[in-house]
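Same chain, two partners: chain A is paired with chain B first, then with chain C.
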Partner chain A sequence: MVLDYQIIAPADLHQEMLRLRAEKGMDFLVNLTGMDWGEEGFGVVYQLESTQTGEQINIKAICADRENPTLPTVSDIWDIANIYEREVYDFLGIIFTGHPDMRRIYLREDWVGYPLRKDDKPEEQNPLRMDAVPLSDETVCYEMGEDGKLVKRKNVIFEQDDYVVNMGPQHPSTHGVLHFRVALEGERIKKVDPVLGYIHRGIEKMNESMTYPQTLALTDRMDYLGAMQNRHALCKVIEEAMGVEVSDRVKVIRTIMDELQRIDSHILFFSCLCQDLGATTAFLYGFRDREKVLDIFEETCGGRLILNYNTIGGVQADLHPNFVRRVKEFIPVMRKGLKEYNDIFTGNVIARNRMEGVGILTKDQVIAMGCTGGTGRASGWHNDLRKLRPYDAYDRVDFKEITFEKGDSFARYMVRLLEIEESLKIIEQLIDNIPEGSYQEKMKPIIKVPEGTYYSAVEGSRGQFGVFLESRGDKFPYRIHYRSTGLPLVYAMDTVCRGNLIADLVTIGGTLDYVVPDIDR
Partner chain B sequence: MKKPKIKSIPYEEFNDNETFESLVQKLNENGVNIVVKSLDDLFDWGRSNSLWPLTFATSCCGIEFMAVCAARYDIARFGFEVTRNSPRHADVILVSGTIVKKMAPVLKRLYDQMADPKYVIAIGGCSISGGPFRKSYHVVMGVDEIIPVDVYVPGCPPRPEAFLYGMMQLQRIVKVENFFGTTNRKERDPFKKEYEERSEKILASQEEA
Partner chain C sequence: MFDFSVISQWLHNLLLSIVPEWAAILIESVLVALVIITLYAVFAIVLIYMERKICGFFQCRLGPNRVGKWGLLQVFADVFKMLQKEIIKMRQTDRFLHDLAPFFVVTASMLTFACLPWNKGAHMIDFNIGIFFILAVSSVGVVGILLAGWGSNSKYPLIGAMRSGAQIISYELSIGLTMLTMICLTGTMQISEIVEQQAAEGWNIFRGHVPALIAFVIYLIAGNAECNRGPFDLPEAESELTAGYHTEYSGMHFGYFYLAEYLNLFIAAGIASTIFLGGWAPLHIAGLDGFNGVMDAIPGIVWFLGKTFFVVFLFMWERWTLPRLRIDNILSLEWKYLMPISMANLVLMALVVAFKLYL
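Let's turn to the complex of A and B:
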């Protein structure tokens, strides 16, 4: 959809945001995108949403000063803005005044330059450094002084006598290369400081020099357990921007594929969680069923994990003749598998004790931190985009949005297991009546998106996956920003872990279900 | 169904499993001490069938590695099933996934921490050459810039069969190593000098910057 936005001067920004939060109930900061508009200066696009009314407001703030760009922080209004603003600072060098922790988040602390600036040349200034990554225990906070000059103030992350344990980047249960610095009080966690960027691949910068069909390939490699949905989101935003309507057949195919991918992802979630808690048998059970989904994918798409299936205006290839039969065979197998999972792990006393009442997130917290997907639903937040704003074929199928109230690790675990069942139901309703039609709309050989700002989101395996696209009418995008599903979850780790045992950090991280390449991009 | 034929892929080489064996025979042509050789054979037989990999995964290829460890592809058939979480226990590091500039020192340290003899398998396009992220500003263009690689397994991600094939190639390498009598390949590593030079170069360029 096209983003309509109001432009607000930086001086009034904080006041206006407070007003929107209070009067219009804008309690969910969907996305925050840092932009380099060239001569206009730097800026940020805020996308706000009210969880009560569903109303959406988009705000654009521009600071014209290219030398010392500053904007007031909104991290005191929405919790999640804390980490989003750090990301913008890291990539664009915009200083947010009043932000408590203006550190780099993805790149090394001694990195030179800001890579997403259009005039920055990161390769030249930053050769491969082989000394250990510098990590400071102090951070800075900038305040706007009386005379309009920035005042630097020191903030402490870890005190001198804090007992800090490093977890990662090479740790088997961080689900990738994620680094937590954990301050402990005895065995209880006092503070968690995530250090990201160990798999930051610069996808957003690369996209700016790629044609639209080329950008598609990288989405699969971000969240590899939501490969279908990621690519779906990017195709969707480009199609909407160009005004392309895909055929009914494509819509149904995409829906089925998204759901198969969700099942794949949730099975892997289950398997890894069991593995982390020491239940190797359950891990093997999960992978046994997952292979069946991969077989279905492989026949039609050609790939097992990286699928490269959706294209702009359709899908890469028509369904394989065996597809319907295979899926129909798979559904009862999966149901049986689910029963086995419940028998072997859900009812297990140890698993229950490790998960029940541990790592509680309240509904207010998940909304403030933007934790969409299963994590949000486990705390009672109805955030399923398939229900809120149905896209593709989701308006013609009947399924339940699984929510829990408790918000502990066990609720997060159960949401995902029950969602597998719902996904099966969706597939069952669609598989018998896949409409006829073409699987690919005829597109021009060179795809150009009309000028404008667009945003589109799908319900990914672990939350709302959105794509923010700004086009200047070229065959290259001017800026693509992905609303990562995992970044809010990692940010939530600090809140959710405090006061819990260090041993439970693994369980909590496992049930939050983040995928690191999706966070780092 | 028509089988696609890609020009640049040397299909015959996949079936050519004898080259390595004939090479070994050539090496041993002039004869070695029978006691020493038998001892070496015994050692290498044991070592090649109990290679312990380090669980090291950065991205997509790691998920495929998990699939290889699971029941269907069953890595245990080859004796690789003892995945270790500590580099001190591991014989082989499978670099599965992209290595970025922030991760490079960590990978180097992991490699340094492993006990000799140690092996490296580069898995997937990213760790071989940067793969789809070759144009990126933050990706290392192949792990062989940092650590010496024994086997390359191409793919994005490679199929589980390719993983197994790559690991079997490593077994072959292990099988021809000598411990007694002749020099140990690892001790007089022909690549060692080259790598030292390269790391010195990296350090020098760092200081310049």
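Let's turn to the complex of A and C:
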């Protein structure tokens, strides 16, 4: 989809954003991308959406001053902008005035330079440093003074006598190298401060020096439980930009694969949640069934976790001759597995006690924090892209969008479990009707995307996974930004955990279902 | 039924014929201590193997099966590994308390272990306040856990130790009350007498019918909590506190906690089998003399171990099925449900005994 945007001067930006929020009901900040346009200066592309009407507005703000780029913050309008703006500050050095917490987010505090600037030379400025820099308990906030100069103000993250416990980076229940600093009052949580970037690989930066087919290799390594969908989104945005229409066969294959991946991810969600809550037997029940999905993937794609299946204009290889039979065998096995999950865990009184009423997110909160996917749907936000903007074969299948109203951990848990059933239904409807056709469109040996700004999103395993692509007509992308599905979920942790017990942090973290490589990219 | 005291008496007389009495008693004490320590290690190995296999089967997998036939040597390999691991000395800990803690835990469980009635005449510690002694020494273990948490000078162990303290002290009440209920029925606290009474008149769980059954169920729950095992394993809640109070321990110091955890499981089961299921007493059904004769032919140690491992299996079943509770759930379960129920149950048992309603 080509992104149409209107340009707004930085001085009017905040006013205009407030107006859009109030008058047009733009309550969902889909994506916020920091950009380096070279001569034009730095800037940010805001993608707004109204959850009521579905209308989308894209705004571009440019600050021409390359020395001291500043923009007004919108984190007071959309909560999630808080963490997005920190990301932009980290990579591009744009200072957002009025933002309460202008710290780096992925890179170390002592990092020199801003790597996504086109003129930055990270290797030269950052030799290997062997000294440890302790994490600061303070942060800064910049205000625009009356004389046009920035005024620096200190904000406190943790007080001197807070009992701060590090959850992570090596911790069994953070599901990867994620680090929470948790201030405790007895066993109650006062504040959660996520420290990100332990497995930041600079995928967005790497993409800028890769040809389009090469960029595909990295998406599988972000959210490894959404490998199919991630790569699907990237292929989709490139295909749409180039005007390539894939065959019907590819569409159906991609839909089935996405749903298998979703099942895989939701089983792992169930397993890990059980493990976090101490039900290790249920954990292995999940893994037993997930193995079957992975076997199916392995036959067709060759990989089990890193699948490398979608390509620009099609898929890597045709379906394996066993594929249809295996999938048909798998569906009843999964249904039986679901029943067992419900018997051993869902109905268990201890599990209920630990999940019901714990970590409530209201609908307004999930929209403000951009928590798409199962987390949003558990709070009653209808955000399923497969329903809102059907792509591929989703318009021809019949399935329900699972939503709950309560927004507690149990609702989030149930959403995923019921979605497995819906995914099975989708696969059942498609598996017998895979159309004949080619599995790969003929593409030019060198793929060049016409100049422009594009955005495309798919419903990933844990929310809207979007790819923002700006091309200058080269064989390399000028800028690729991924809308991470997990970043809003991690950002929500502070709000949702406050006042709960430390054991609930594990429950909440488990039910929010983030995957760390997707956050860090 | 074979009386083990024949052997101990023979040994005593043999020693007396060679050395003076004080030396004989000294030698016997040393021998008994050696037996306790050996049994302690052997049972730990058996239990660890059993737990791994059982949890493997619960979880649709095979469990250890590489080292030796059916993985029988796996635990030996693990113990050997643990023995040669370095005990890491950390700078900012309270070294004395930190190193002392595992010994508290292991000593408490060894002392309790020594109270178990293995066979007729085979008690290591047996005197008139036996049950009271068990309660007293088993609660020394919590001191070790608190010391471990405090001495480590680290945040996770401290939280784990505080949880453990709150939990164990709470559940001690239920354990005490259920034991009191059964003492009410037996009229004695001496372990050998409790068992002999059951050998003569039938197992307590049948004699005491309803209140005994209630007490048994409560004991199973509280016993599991006392051992810090799932679903009550929040002191070491792996997914929250990494390893709880023993996060900072390594090598054999950690090994002691590990040993004690498994042996406490065995001890809790052993006490359950002693006061509820008749210890070494065989199963008798009144009127079936042939059946009773066959049952009598089975040695007492087999009965005791059979019952104990049955209760251990129940504990393991509980652990591998249920998710972990939360600290507030755990405390409200004890203070709002288990303790009032056990108190009412004690009154019920008193009535049963007073009106001679027992079988």
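The rule is simple: the second predicted complex is superposed on the first by the 518 of 521 C-alpha atoms of A that agree within 3 Å, B and C clash if a C-alpha of one lies under 4 Å from a C-alpha of the other, contacts with A are read in each partner's own complex, and residues count from 1 in each chain.
Operating definition for what follows: a residue touches a chain if its C-beta (ideal position, glycine included) is under 8 Å from a C-beta of that chain, and two chains touch if they have at least 3 such contacts.
Since the structure is predicted, the reported quantities are computational estimates derived from the model, not experimental observations.
K.L.:
So, does A:Arg201 touch the first partner chain B, the second partner chain C, both, or neither?
P.N.:
first
K.L.:
Per the contact definition in the header, classify A:Pro172: touching chain B only (first), chain C only (second), both, or neither.
P.N.:
Once the two structures are laid over each other on A, A:Pro172 reaches both partners.
K.L.:
Contacts for A:Asp276 in the overlay, against chain B (first) and chain C (second): which applies, first, second, both or neither?
P.N.:
In the superposition, A:Asp276 contacts chain C only.
K.L.:
Just to be sure I read the superposition right, which of the two partners does A:Arg288 touch: chain B = first, chain C = second, or both, or neither?
P.N.:
In the superposed model, A:Arg288 contacts both chain B and chain C.
K.L.:
After superposition on the shared chain, which partner residues are touched by A:Ser484: those of chain B (first), chain C (second), both, or neither?
P.N.:
neither
K.L.:
According to the contact criterion defined above, which of chain B and chain C contacts more residues of chain A?
P.N.:
Per-residue touch count on chain A favours B.
K.L.:
Output check: A:Asn348 vs chain B and chain C. Expected answer is one of first, second, both, neither. What do you get?
P.N.:
Once the two structures are laid over each other on A, A:Asn348 reaches chain C alone.
K.L.:
Have a look at where A:Arg108 lands relative to chain B and chain C in the superposition and call it first, second, both or neither.
P.N.:
Once the two structures are laid over each other on A, A:Arg108 reaches chain B alone.
K.L.:
Just to be sure I follow: which residues of chain A are touched by chain B in one complex and then by chain C in the other one?
P.N.:
After superposing on chain A, chain A residues 171-172, 283-284, 288 contact both chain B and chain C.
K.L.:
Mind pulling up the chain B residues that touch chain A in the complex?
P.N.:
Touch list, chain B to chain A: 55-60, 62-64, 66-67, 70-72, 85, 87, 97-98, 100-106, 108-110, 132-133, 135-140, 145-146, 156-157, 159, 199, 202-203, 205-206, 209.
K.L.:
Write out the stretch or stretches of chain A touching chain B in their complex.
P.N.:
Answer in residue numbers: 106-108, 112, 115, 122-123, 125-133, 169-172, 176-177, 197-203, 205-206, 209, 217-218, 221, 224-225, 268, 271-272, 283-284, 287-288, 290-291, 294, 304-306, 516-517.
K.L.:
Can you check the complex and tell me which residues of chain A touch chain C?
P.N.:
Against chain C, the touching part of chain A is residues 163, 165-166, 171-173, 187, 274-285, 288, 344-345, 348, 350-351, 353-354, 501-506.
K.L.:
Which of the residues in chain C come into contact with chain A in the complex?
P.N.:
55, 58-61, 155-156, 159, 230-231, 233-234, 237-240, 242, 320-329
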